[in-house]
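Quick heads-up: structures coming right below.
What follows is chain A paired twice: with chain B in the first complex and chain C in the second.
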Partner chain A sequence: MASASQLAASLKPSASPEMVKRAELSEIDASTKLPALFFFGSSILWLLVGTVFALLASFKMHMPHFLGDYEWLTFGRVRTAHLNAVIYGWSINASFGVAFWLMARLSRAELRHSGLLLIAAAFWNIGVTLGIYGILAGDSTSIEWLEFPPYATPLLFFAYALVGAWAIITFRFGRSKHIYVSQWYVLAALFWFPWIYSVAQIMLIFSPARGTVQSLVNWWFAHNVLGLWFTPIALGAVYYFLPKVLGKPIHSYYLSVLGFWSLAIFYNWAGVHHLIGGPVPVWVQTAGITASFMMVIPVIVTAINHHLTMIGSFSALKFSPTLRFTVFGAVAYTFTSLQGSSMSIRSWSEVTHFTHYTIGHSHAGMYAFFTMVMFGSIYYIMPRIMLKEWPSAKLISVHFWACAIGVSFYVLVLSIGGVKQGMEMNTLPVGADGKVGGPIAFLEIVKNTIPWLKMRSYSGILITIGHLAFAINFVWMLLKPGSVGASAPTLFRNAPDLEVTR
Partner chain B sequence: MSDWFFYLIAFPIAALFIASAIYALQWASKTGQLRDLEEGAKVIFDEEEPVGRPTDQTLRQPKPVTPPKASK
Partner chain C sequence: MNRAPLIFLGIFFAMAFSWTGIILTNQISYGKLTPYVNLDDGKAYPQSLPGDAARGKLVYQDLGCISCHSQQVRQPGFGTDIERGWGERGSVARDYIREKRVFLGTMRTGPDLRNGGARYAGQGGREWHIKHFYESTLTSAGSIMPPHRFLYETRAIVGEPSPKAVQSLLPAQYQPAPGFEIVLKQRGEDLISYMLALKDPELYPEEAARVYVPKAEPAAKEEAAK
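The block that comes next holds the complex of A and B.
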């Protein structure tokens, strides 16, 4: 059968001599166009959906009666729909798009079998749609980060398997002798995710573990999605875009490799710190705390590396949207990681656990770090696959400032409000000496959080404005006519001293 | 979860997983991925987009009078 040998040739580099040459960057970019557009388009759609759910959930926190009569829009469902829409809809779609664009470029190979990716993207988005519908309909599994009902997850798994298979094929066709650090990160993420996701599915949904083991598995999974999927993808993107935009190599490549392997060794252990003070063995908690502090090594290493690369080039932040978003994300990575390590200290966890402080921390990680890096990556990738420039620089600025100020304010108010809440909850009843301040009624504590929650909603509105600006710019770019016969986004190839028109 | 599941499926998969990680590190070392690290930092540049050329200036406004100086 002819197709068998063709298939073999398409899977084995040695069987297809015509592919030996290193592809041009513009050819590689052009070959990624369709799947990249599919992934980015759907990710932005989910971003908007997730933002609407976020606003609903946020307003319900200080206006409980708001839409309270519709069971599909009760807080428990809307909040869960928000989490899953932004994680599985926005974040993973965006990271798929960025990951395979990076893989193709760094392997110096044209995208092969892009049909696999299109099928994967279709299945993934059908799975997420079904999952969100299931959550709103009341079919949530109630396991945090895995709320999608069992009828949605097989689709996700199938889509994921296709992406993984595709990545390995691309990697084998690599024309680059050296594996750049971003490739290590992306490959590792693609390799780790099916492992943690399948173990979690089996041990929590398919055949649930009993008792506290269940919560151990749950937090092992939930934390590793952050650390072994989102973190490596975003760090891989930073390690590519930062030097690429500046036009100078990363400060210390040695440090970047050290950062990668130390992340690989330590992160997997850290998830237990969500259960500090809970009914799990103390040694397990201590191991989690230790790992959380070992994470300071890769974080500091990465921070030093990014910062020393930026030194002397800060003026480039004025011109490059990619750099702005990426540097904001890299700084947020340092902040949120060190904050996370500190939150694993037992005495500090006593205050912050079960308060809004934790919500602030998770948004510092998933939004200020990960999402901002993805925005920056999309700003770089889109002109190169569309061969035209972003239509409005003003909308890019609105997007950046609304989101940067919005999320900073968000983290700030929830951190202050959360610590206050935690201290009030820890206020002891009157002691034997009659001196300690009396206990505060729980309802009183809840009422005291309202001003902070209102401020959270305001920053949410600001972030929404940023997302709308981004979405408008994206759609506008798709519809705007490109220059005929362009093989590259002309603007970007100009040397810095050449005149650039917008 | 029954014991057979752990011994027959979960444990072999976990062992394979670790083995593949060790293999990856060994492969990286054997093929010289961990040598000559400073050169590795430059693989993202080529003659098309060489070191020293910024590649994203989207927000740069047209400046009619004095073009900005080239940074080496």
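The block that comes next holds the complex of A and C.
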């Protein structure tokens, strides 16, 4: 394996011969330590909170009386609390941490006055806490993806303004002349998010637009949070960690540029596919379908770039936790994006819209892709800012397999159950005599979804186990005494040919 | 070469593209849609919700009913909404112009509610909902809607029993102890008022002239089936 020494170097900074460059990097890493720790720590806390809400919501679907007498924990509120806890709590906190670290490293700039970022992090988390409390207490707006009550959002805006400003400042003070593609993604995401968030807040909550213009704003926002915030952050991370861990350059620079611009142009039109067949102008729906389908271009381009970088280095997956999570995420990105494009086709949307199939798809995107990439990133970043290694390879292994199997099973069962549900709900049965019958009774359809919903709950338990392993490992790492230079990187197994374990 | 300004411009225009196309264009083209005034009865359609139903809409909002229920009827030939009796026609944009918050919804774990008030109307509809919210399987065997008993209260009878008591609608196992009665809280009353008020009017002339209705299709289908 030609890249063995480079792989070793990337896994263990002190093993590198380029000591000077390493020293600079570790200074930069150190400057991000406090904010990154705050963001990661709170994100993991929210991940656990979100997981509890997820389990409650999932079990309530097939056990409607479970905790049924508490208004605070009724299904509609718990499900909403789950969504907002994992989006604004886990995902955005984690992406702030990863984005800052990437930005500082790639710009070759120390984070200045990182204390101010701690204030931003504190405000963000107070905002999310208030928001979740508001949802459970009955102040939800019931606007999908924007359920936080209006008294929570100003805090989020304030926090975001600090975060955005600091990232730009870090970029401006950078010593790097070259702008790497990961920085493109992160910078673009940082710019796009406040735009869509403020338009959505104004046109939906503070001065609501008339009628279904609201729905257009709603789905323009909600899909763009995925497409123009989570996707670029996670793709930026993949573009960084994949070559970094493998110790070889990304397959093609030109493809990465093409992938970026085609994503920027097509993704922001795609959100309307949530309204296909709904009471909004048909031309916007058609434009949305077109854009959703054009997304095949950036997805294929990015897939070629990632997977061709990976080719020939698959054996490294046996050792590196970061690589394993990141590659799982990259593969899931290809899958979920192509699935999403297909779901925008009118005749297929007719079946899958309004069903559990969509829920499966959204978890393929937000979990199998985004969350897994964030896990991989945190596994890489934490040892570098803490200057100590992950305490347990076993727990990382449990984390990976529980989450990977859990989410794959989750997507599989909801896809099957959802298509079944959609076929029964939207097509008229044709009898043996060729006569078109009346629609299948609705409660019959509900009954048929229950086995799939139960299997979803089981996969949720598996995912929960993975999260617990991750959280335990994280806390353990914070508490254990540091041992600079004496420890080897935590790999899944000893890798004799890598010579990194001494 | 510092390409940052160029990259930033690209990023800006990419977003401006969809913002103009999806948000601005539609806000201009139908963001000021007005009600249709029927000269025969002098009323403007769609009509706004009566006060108690408007309060009930806020209950619908805070309980997160949108998680499982949509409020949009698909057009004939797209899905089976019409065949299911979820509406006499597909929903159009004008139906929603009075709504400060639009609950189109994206999930149908439960049925569409756009015309729920037409399916269960009047006193019978009210009683159906009283049972349904207390225990959904009383009216709909196999339903997985959670019980909404927090919208009710069991209280001691003081003096005469309340005329609003609802336990007579419930089966034996839900009867309160002697001397107690079950009544709806105000939130429950409001929510039911909202449910009963959900009904779209007849199609407005402007849309009726525009919407394509494939009249010949059912016959053609039967022909093909033979």
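The rule is simple: the second predicted complex is superposed on the first by the 451 of 502 C-alpha atoms of A that agree within 3 Å, B and C clash if a C-alpha of one lies under 4 Å from a C-alpha of the other, contacts with A are read in each partner's own complex, and residues count from 1 in each chain.
In this section, a residue touches a chain if its C-beta (ideal position, glycine included) is under 8 Å from a C-beta of that chain, and two chains touch if they have at least 3 such contacts.
Treat the numbers as computed from the prediction; the structure is a model and nothing was measured.
By the touch criterion defined above, A:M203 lies against chain B and chain C together after alignment on the C-alpha atoms of chain A. In the superposed model, A:L479 makes contact with neither chain B nor chain C. In the superposition on chain A, A:K248 contacts chain B only, with no contact to chain C. Once the two structures are overlaid, the count of chain A residues touched is higher for C than for its counterpart among chain B and chain C.
Shared-chain residue A:K60: touches chain C; no touch with chain B. In the superposed model, A:Y180 makes contact with chain B only, not with chain C.
After overlaying the two complexes on the shared chain, residue contacts for A:I311 are found with neither chain B nor chain C. When both complexes are overlaid on chain A, the residue A:S320 reaches chain B alone and has no touch with chain C. By the document's definition of touching, both partners, chain B and chain C, reach A:W195.
In the superposition on chain A, the residues of chain A touched by chain B in one structure and by chain C in the other are 177, 179, 191, 195, 199, 203, 208-209, 264. The touching residues of chain A, when paired with chain B in their complex, are 24-25, 106, 176-181, 191, 195, 199, 202-203, 207-209, 240, 243-250, 253-254, 256-257, 264, 316, 318-323, 379-380, 383, 389-390, 393, 396-397, 491-492, 494-502. Interface residues of chain C facing chain A in the complex, by the touch rule stated above, are 2-4, 7-8, 10-12, 14-15, 17-19, 21-23, 26-27, 29-33, 60-68, 70, 72, 74-75, 78-80, 83-84, 90-97, 99-111, 136, 140-150, 221-222, 225-226.
Against chain C, in their complex, chain A makes its touches with residues 60-62, 64-65, 68-71, 74-77, 79-80, 135, 138-144, 147, 171, 177, 179, 184, 187-188, 191-192, 195-196, 199, 203-204, 208-217, 220, 224, 228, 261, 264-265, 268-269, 271-272, 274-275, 277-281, 284, 287-288, 346, 350, 353-356, 358-359, 425-428, 430, 434-436, 438-439, 442-444, 446-447, 449-450. Listing the residues of chain B that touch chain A in their complex gives 1, 5, 10, 17, 20-21, 28, 33-34, 37-46, 48-63, 67-71.
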